[in-house]
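In the two complexes that follow, subunit A is the common piece, with subunit B as its partner first and subunit C second.
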Partner chain A sequence: MTAVTAGRHRGVGARLFASPSVRLVGNRLLMAIPITLGVSILTFWVLNLIPGNAAQQLLGADATPEQIRAMELQLGLDKPAPLRYLDWLGGAVTGDLGRSLVSGQSVAGQLGERLAVTGELVAMAFVVSLVLAVPVALLAAYRPNRLFDRLSMFVSVTGLSVANYVLALVLVLVFAVRFAVFPAIGFVPLSESVGGNLHSLVLPSAAIGIPMFCLYTRFLRGDLVDQMQGQDYVVTAQAKGVGPWRVLLRHAFRNSSFGLITVVGLNLSTLIGATVIIEQIFALPGLGQLMLQAINTRDMAVVQACVVVFAVVAVLANLLTDLLYAVLDPRIRYGSR
Partner chain B sequence: MAVVEAPPVPVADADEDAPRARTWTRGLGVAVPVALLALVAGACFLAPLVLPVPSPTGGNILEAGLPTGSPGHLLGTDPNGNDILSRILYGGQTSLIVAVTVNLLGLAVGGTLGALSGYVGGAADTVIMRLLDVLIAFPSLVLTLAVAQSLGPSLTNTILALGFFSVPAFARISRAATLSLREQPFMAAARLCGTKGRRVLLRHIAPNIAPQLTTFGMLGMGVVIVIEGALSFLGLGIPAPAPSWGNMISQGQASLSATPMLVLWPSLILFVTVLAFNLLGESLRTRWSVR
Partner chain C sequence: MTVERDEVLTADPAERAGAAALLEIRDLRIRFTRGGRRVHAVNGLSYRLDAGQMLAIIGESGSGKSVSARALLGLLPSSAEVSGSARFEGAELIGMPEREIRRRRGRDIAMVFQDPARSLNPTMRIGAQITEAIRAHSGIGRKEAGERAVELLKLVRLPAAERRFHEYPHQLSGGMRQRVVIAIALAGEPRLLIADEATTALDVTTQAQIMQLLVELQERLGMAVVMISHDLGLAASYAQHVVVMYAGRAVEYASAGRLFGHVRMPYTRALLGAVPLLEREPHAPLPVISGQPPDPAAIPKGCAFRPRCASATGRCEQAPPFSEHEPGHWWACWHPAEDPPGGSGGGGGGGEDGATR
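Showing the complex of A and B:
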C-alpha cells in the first residue's frame, strides 16, 4: 500500500512498477517460466523412456546395428539426454524447434499451420458454448426450480456425462450419415473458402463445445442461485427496489463471473486434450493429429514441440485468468498467498 | 363476517411439508445412482459367474455380425463373431477396475501429499506444489498419451498413466481443504495439546477433508472411465482383443454407418455409468455442502 501512495510522486515508469496489478502480472509471468521449463524437461524425459528411437523407426525392422548406429550419429542421438535437452532448449529459445526427423521439415513451420486449425476449432467451440451458456444460466437462475431451470439442469448434467468421442460419433451418425447435412471428414482450409471452412468445422466444434456449454451452464446457474439467495448485497439491492433482472445481471452475474472465469480457465487444458481426439475422429489437420502421428513415428522433435505448445497455452490461460480477476475485482488481494 | 374468516392454512402445511419433501428427494439423489452403479457393477462382475455368458474373445467367425436380438446373442455379435453383451460385461470389469484403482491411487498418493504439503507449509509446500503445477500445466490427455506410449499399452500401464494426472488433482483439493482447516480452533487446540503431526493428520485433518476428496473421487470416476476410453480410441489403452468400453467404441467406429449398434451399445452403458457417478458426486456435494 505504501508503494502505491509513494508512487504518486514518481515518474510514470516507477509508478507502473509500483502498481500492484503490474507486479501481479510480473510475478505470474516469472512463475510461468519455471513451469514451462519443467514441462519441457518432463516431456523430454518421458519421451526418452519410449523404447525404440527414431533411427530404428526410420530404417525399419531389418536394419543392421551398424546402420542404426550411423543414423544415430547423423541425427545426434548418440549424445547423452541432458546434453540433447540443452541443445533443444537453446534452439527453442531462439525460435528454432529443430527439424522433423521423419519429414525433414522445420518443426516451427509445421506447428504454425497446425496451430491455426486447432486454434480455430477451440475458438469456435469456446464462443458458441459461452454465448449459449450465459443466457441459459441467467434464464434458469431467474426462476430457480421452475420448468426452464429443471430442463436446463437436466440437459447439462446429461451432456456432462457424455464422453466427447461418443458425442462426436453420435453427431456423425445423425448429421452426416442419417441426414447428410454436415461433412464427417474433409477439412476445408480457411484460405480456400470461408463458408466451406466453417461448414467443415461445425460437427467437430459442436462435439467439443456442447460438453463445455453444459459445464458452464451448470456452474453459472448454481453460482447465480447461491448469490441470489442470502447474499447481503442482493437483499440490499432488492430492498432499494432494484428490478429482479437488474439485480441478476448487474449484481449477481458480476460476482458470479469470477467463478465462471476460473472454471473456463481451468477447463482450457481439458479442452485442449479434447481436440486431440476430435481431430482424430474428424481427420482435421490440427496440432493434436500432428502430435499423435509424431508419437507413433517416434518423431521426438515434433512431439516435444507439440507438448510444449500445449503446455504454454495452458499456462498462458491460467495467467490470463488471474489477470482478469485483477481487472474485474478491485478487492483482489495482491501479493498475499 | 365471512370476510374475516381466515382461509384454511395450506401455507403452514406447505411449510411443514417442504423440508420433509426435500429430505426425501435428497435421499433419492444418493439412492438412485448407487442402485444404478450396483446394477452395472453386479452385472459386470457377477453375471459372468452365474449365467452362461459366452466368452468375450475368440468368437466363431461364422457367427460374425449377427443383429441385435439373435438367439443366444441378445445384443448380437461383432465382426469377429464375439458376443457384444459379453464384451460389454467383461469390458465393464476392465473399465470399473481401472476407474477404481486410478482414483484410489490418486486419493492415497495425491491426498496424502496435498494434506502433508498444506499442513507442513513452508519450503516443502512450495516445492511440492510447484512440481504439481508442472503436472497440472500439462493438458492431462497429452501427458497420459505420452506416458501410455512410453510404457506400452497394457492394463497396468493404463492405470499408471491415468494415475499420473489423477494425483496432482487430488493433491490440490486435499491441500486447499487442509489449508482452510489450519485456521480452525480445533487445530489450534490440537497443537496446544502437543498432538504429534502424524496423529493430527490422521485423526484431525483426514476425517475433515474426506468429504471433499470423496466427492471429487466420484466425479473423478466418471472422468477416468471416459479417458480410459479416449486412450483406447487413440490406440494406447487396453490392447485388443481384451474388451473395454472404450476400445469397443473405437473398434465400432470403422463401421459406424453400416452397424451403428456396435458403437451405440457400449456408448449407452458408458453414458449410464458416468451419469450415475456424476449424479452421486453431485448429491454428495449438496449433502455435505462441499464447494
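Showing the complex of A and C:
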C-alpha cells in the first residue's frame, strides 16, 4: 500500500492509535507487564529467603519433621522455587490466582472483599484531603504571609512532620478514648449500615488524609504564590484590569493544577504503604492487613496476589495522572509546534 | 481622530508646553527592601508625554525603566515603596486606591511586555484571553465580546484571526503571540500603551513589523505610546521624544531629532557611540561606556554617572539638576557637550519632528 492510500484508508484501529492519549494508555499498560512481573518475582524470592514455610506455620511449633514433610508434599511446597513461581504465574495470567494455602479459600474472592475496604479508605482520605486543601491553599495564596497563610502553613508543616501511625494513635486517644465519638477499631461493612460504615472509617481515613491534606495545601499554596509573583502572564492578566480573585482562580490555579496533579498521582502510589500500617492499627479487614497476615503464615499465593494488586494500582495511578495531564494541558492535547 | 492627532504632531512643542499633558511624572521614587538592603530603583524620575505621541525611554539594564512603568499601573510587588507624582489626565496615580487603579488598568493605560512566550496564559485559548480583557471594562455579553476580539485580532493583523481565536498560545509563533498581546492591550481602548521592550525577544524582521504596527495603531487610534528599549536606534526611528534614564533618573529629554543632533549629556553621547546606525565623524574615537552601571543599592552621591564620566570635575560631586536648559531640551549635567563645530546636527535624526520612519 502506498503512503497516500494508507493515509486515506486508515482503519479505526490505526486512527485510534494515532491519538496521543490512546497511545499513552497503550504504552503504560504494556509497561505494567514488566513492572508487575518484576515485583512478583522479587516478592517470591524474598519470601523464600526468610526461614519457615506455610506447612510449618499451619502445623505449629510442635510438629514433627515427618508431619511437616507430608504437609509440604500436600501443598506442593516440595517443588523447587522457580517451578512454583511458574506454576503461580501460569495460573495468574489465565486469571486463576489460586487458593490460599492456609484457609483454602479462593484468593480472588478474598481479594475482592479486602480491596473494597482499602479502596473505600483511600477514596475517603483522598477526596476529603483534596476538597479541603484546594480552598485552604487558595485563601492562603490570596494574601501571602498574612495571618491565614501563616496559620495554614503552621498546620501543614506540623501535620507533615508527624508520622502516620503516631497521628493514628493520637486520633484514637482523643476521639475514641477521651471523647468516644468514633470507634477505636473495627469495621462496619457498607452492606450492613452506610452510616456505621462511614463512622467506622472516619478515624482511619483521617490518619491517612490529614498528612495528605497538609502536603497538598503546602504544595498548592507554594505553587500558586510562585505563579502569582513570578509569572508574566499573571502580570498581563492584572494589567488587563481583571480582579485579584479571578487572576488567582482562572490564571494561577489553572496553571498550578498541573503540578498538583503530579503530586497527587505520586502520592497515591505511596499511600499503599500508609494503608498497610493504618489497617493494622484500626483492625480494618483491608488488603494491607491481608498481606501482613499472609506474610506471617507464608501464604505465598495470597502475598503474591496482594503485591500484584498494589503494583497494578501504582501503575494505574501514574497512568491516570498522565491522562489527566493530557486532558487538561492544551500543550499536550494539541501537541507542540 | 486623525485630524486631532495631526494637530498635535505639527504643533510646536514649546507652544504646547502650557497644555495639560496626558502623562506627567514628577520626582518619582521607588525603592525596594530586599534582604535588609535598600534598592533604589527609581530616584526622582520626571518626564511628560502628550496625547497621541510616542515617547521612548532608553537606558541600560537596571536603570529603572520597567519598574517606573509598572508603578503607573500599581503593578509593583508590595515590597516596593513608591513616592512622587504621576498624573494621568490630571489624576494622581501614585497612592491611588487599588480598586480605582484596577478600573484604570487596560482602560487608561495598557501594557505590553517583553516576552510574548511568557506573557500569555499557556492554558487559555487566545480568544478567551482577549475576551476577558474586553469584558473587564465593559458589560457586554460573551458573544459580542467574542466578535470584538476577532476584530481586534484583525486590527493587529493576525493572519486567520477567526481560527486563531480558538487556538492556544503555543500554537502561534513569537511574532503572532506579540500581536495577540497587543490586541489584549487594545481591548480596553487605552489612551496610553506602554510597550516594555515589546520587540526585544523577536527577530529583526518581526521586530520591525511589530514596531510598524505600533506606529500605525498609534496614528489610527490616536493613542500615546511609551516604548521602553535598550536600543537608541529603534527609538530614533520611531519615537517623537526620548527620555534617557540613568540610575533611576532622567538625565536627558528632547525630541528625537533634537537629541540626536544636539546631544548634551555625556552618558547619552556614550550610548550614541554604541549605536552603529547613527553617523559619526570620521576617525572620531569610538566612545565606550566603560565601567559598571551603578549598583542600585549604592548609587554614588552627586552625579551618578561620575565614576564613568570623562568630563567629570569636582563640581559633579553635587547632583546636577534636571532642567530645561534649551527650549524643549532637558538634561542633568554640569558640563554638557557643545554642538559639533560646522555641522547643523551631526546625528541621523535631522528635523525637529524627529520621526525618521
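The criterion applied here is as follows: the second predicted complex is superposed on the first by the 319 of 337 C-alpha atoms of A that agree within 3 Å, B and C clash if a C-alpha of one lies under 4 Å from a C-alpha of the other, contacts with A are read in each partner's own complex, and residues count from 1 in each chain.
In this section, a residue touches a chain if its C-beta (ideal position, glycine included) is under 8 Å from a C-beta of that chain, and two chains touch if they have at least 3 such contacts.
Values in this document were obtained by computation on a predicted structure and should not be read as measured data.
When both complexes are overlaid on chain A, the residue A:Gly109 reaches neither subunit B nor subunit C. Once the two complexes are overlaid on the shared chain, A:Pro82 sits clear of subunit B and of subunit C alike.
By the touch criterion stated above, A:Asn255 is placed in contact with subunit C alone, subunit B being left untouched. Contact with subunit C, but none with subunit B, is seen for A:Gly243 once the two complexes are overlaid on the shared chain. Shared-chain residue A:Gly186: touches no atom of subunit B or subunit C. Looking at the shared chain after the overlay, A:Gly26 reaches neither subunit B nor subunit C. Subunit A has more of its residues touched by B than by the other of subunit B and subunit C. Of the two partner chains, neither subunit B nor subunit C is touched by A:Gly90.
In the superposition on chain A, contact of A:Pro135 is made with neither subunit B nor subunit C.
Across the two superposed structures, the residue set of subunit A contacted by subunit B and also by subunit C is empty. Subunit B makes touch with subunit A in their complex at residues 130-131, 133-143, 145-147, 149-152, 222, 226, 229-230, 233-234, 249-250, 253, 256-257, 260, 263, 267, 270-271, 274-275, 278-279, 282. Interface residues of subunit A, counted against subunit C in their complex, comprise 229, 231-233, 235-243, 250-251, 254-255, 328-331, 334, 336-337. The part of subunit C that touches subunit A in the complex is made up of residues 70, 73, 75, 77, 102-107, 110-111, 113, 115, 118-125, 132-133, 136-137, 167-168, 170-171, 173, 181, 184-185, 187-188. On the side of subunit A, the complex with subunit B involves touching residues 34-36, 38-39, 42-43, 46-47, 49-51, 157-158, 160-166, 169-170, 172-173, 177, 269-270, 272-274, 276-277, 280-281, 291-292, 295, 303, 306-307, 310-311, 314-315, 318.
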